[in-house]
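Below you'll find the structure, written out as structure tokens, and then a few comments.
When the chains are written out, they are named A, B and C in that same order, and each has its own residue count from 1.
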């Protein structure tokens, strides 16, 4: 019967082509507008590391003295001080953990063979690679000893490897950052994440860094961080030594806690750590406080999805409602005109249920057409978004979920709009239409 | 076959109640051919709609083949209508977008009959009304008489035992009317029970039993009652 | 206006159509008024005067890795080199670039910290005496730095003791307007305000104090050094094109990056707002179109349903104008109810948006303006079909369909 209803729907579509096309257009525009904003929203709010997002945690410590507030929603800085980051990293807690800091260098090969260029680098601990599921194409991470001794080694990503070494195995070769030579120990597969969830301080959708280096090099070579440095008390950070001893926060820190218990234990450890620090005069406050956010919570906390985008999504759904009201009106007109035919069908043995079902199939077909056309409209919209803001290059696209969602939302929306007209037409008294005037 | 006991039908509007039928009693036996006459607004069509289960009735009892119609839900009524009743309308009521073949197919679809069986029956019925060669035509390409014959074929396709005809010749000229009437008589001879509403006295006279509806009540003018033909069974091999 | 009652009765008989129309008009009013206001908010923000000659200023950064030159000396050489390029008005190395979204800010106080005193947040820009001229700033009071006052340091131990500030900033600390000559503190370091310039935008247009800037006469040797250049009108493009190769010719062991024109830099900083504004404009346009089409379609449908009735009315002597009036009044009745509901909906939506997002209160004028426009639009949409209805021949009444 379903195919028969489809056939009837198609005939009905062709019978009143203008009205049908108008309806499909209305749905397509409604869906197109909605999908444009929804796609961007979806890409922005998508879990960037589904298998690990509930296990990777970014701690926050309330370092400020009593009476001093931070501007974040939970009154805690979003980064850590150098002292805390290093202490947490060195603590003997059975968990993978890594400090993380962004910087940048002039990159060259030291022999004038290429024109030097600027490249961003991230200082991390070796655990970082496995924590964030970064796979090695060549070589491997640096050793713990190399890390400990601040040996000048580094890992590059395949994008940089392609650029400098045409994609060949570059392990063992040298790379110059500014005036210093570093040994390449590994090449990782390009890190493709459209949300830079591991460092949300300076734009959530920037590109990942091309170079990864052992964190102890920061102190050894007095590297500056490229990112935010925030303080709450008056203290000089004019020299590097002052900065690493200060209460200024400028480092990110991640810890992998696979179980609920591990998280609980880590929380207790953080409290104990802060109590320990109080003895040396830090954490000068009555109530110690900390927070542990996993990746999804961290994205939420840092407002990765912009307010504008949320407003847009809300407005687009209201817009879709207007389109639906339109479609409802058109469906009403179309279906009621067909009442005589339905009277005949009822007389010939169609039940109300069958008539109802037939009309729902018809509106679903309209929804399907509208949804498919809506994808095209949305592509146009997303193209518009991309040319307005190239920062959204990877965000203003539809992934498979969104491509499927478009017709699904369209069909559901049409069913909602079609319920009333279908109900109306199935409950009309057939006898009225059988007697010709 | 059909028994109506004290059927009443009241149309309720804001101001007034209209009794379309009251204390309506009728017994129709298997194989009868009944003409229903009566002045305009007397309740003929209401009777036919209730008989065809297109409209609910307000009071009384209606048994169709021993089934108490008042106790059925919509789906059951639709099934019963589909299996036992064939309709023929004054305005033919063919579905304009469907060709003849598809029009005849409609009741068979609702009965869930297999495609091959549908094809057999449709061809047979179109053959019977003499329009087999036009199966692919659309209704508007036919004359009124031809359209009514298609409507009859459609009514017959489900092999109903009970045909309800509402002014079947009302929109036809006398020649075509006669042809249609002859076709109905043939169908009746083949075993179907027919109830035909008409206000054409001449046509009514051709039916073995005449009843008249006046002010929603029944007045029976049976010319020769009883003695229905012996082959009162499902139309087989039609 | 005698017709209102019968029209109302007719409407009550086909409620669904009327309700649909009413809903569309209400939602449209709610969306359009809020969207229009957000657009206005963004347009005002985007059109704000930053105070710079954005068309003729650009910035870039030099990342030096060569060790054979003294960084400070090289910076000064570069400054001189750029200043002497044809078409360049002035150039200066700066610690932060206005409109770039990147820089430093701190709280300046009236007394040395940790003493508690009045505090005002400001971005600070370090550079030499060419900074003001490079940015094209007008002095309102006092004077610019002299080259003697500029502290050139490697160790970051020496600090200058004079500053030039923007008017908004100094007025925040000294609301009576007597800021010139006063001493303010950056931490425990005192600095005397020797000049006040017109208020211009700092690095962050969306800062809580976007126009609070303190200019500090300090030159520090930096591995990564920002430069700002102001050119003569029309000369910028050519200079920007060649600046990298020319500077590398001077000294090759470095990288020139982030070469950005001021207006481009502002656009990039505001890309999100521009995007939002464009999306909303598209949304409003399409929405109004769809609603107008909806009204158009529904009126046509109503007319087709009532063809015979209209014919009969015409046969009974109704003028064409009476038929048109009938539909206009009908539409107006629906629209007015829709608009009233829409106004409340707009207000509620505005409240919701304001609660959850940083959007100011929706002014009532926007709601009323939108309601009027939607009303006019509904008339425009209905007048065509109504004219068509008026053209229905009275003879229809005598014909059966």
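Odds and ends about this structure:
The criterion applied here is as follows: a contact is a pair of C-beta atoms (placed from the backbone, for glycine too) under 8 Å apart; a residue touches a chain by one contact, two chains touch by 3 or more.
All values reported here derive from a predicted model rather than from experimental measurement.
Both chain A and chain C are touched by no common chain. Chain centre most remote from that of chain C: B (centre = mean of CA atoms). Averaging C-alpha coordinates per chain places the centre of chain A 26 Å away from that of chain C.
Centroids of chain A and chain B (each the mean of its C-alpha atoms) stand 66 Å apart.
If you average the Cα atoms of chain B and of chain C, the two centres end up 74 Å apart. Touching chain B in their complex are the following residues of chain A: 1, 4, 11-12, 15, 340-341, 343-354, 429-431, 434-436. Residues 22, 26, 29-30, 33, 36-37, 104-106, 108, 116-118, 176-179, 224, 234, 236, 238-239, 306-308, 310-312, 315-316, 318-319, 321-323, 325-326, 328-330, 332-333, 381, 384-385, 388-389, 391-392, 420, 437 of chain A touch chain C in their complex. On chain C, the positions that touch chain A within their shared complex are 16-17, 20-21, 23-24, 27-28, 30-31, 34-35, 38, 63-67, 113-114, 156-157, 187-188, 223-224, 253-255, 257, 268, 271-276, 278-280, 282-283, 286-287, 290-291, 293-294, 297-298, 301, 353, 356-359, 400.
Those residues of chain B lying in contact with chain A across their complex are 45, 49, 52, 54-55, 74-75, 77-79, 81-83, 87, 89-91, 93-98, 106-107, 109-112, 154, 158, 166, 171.
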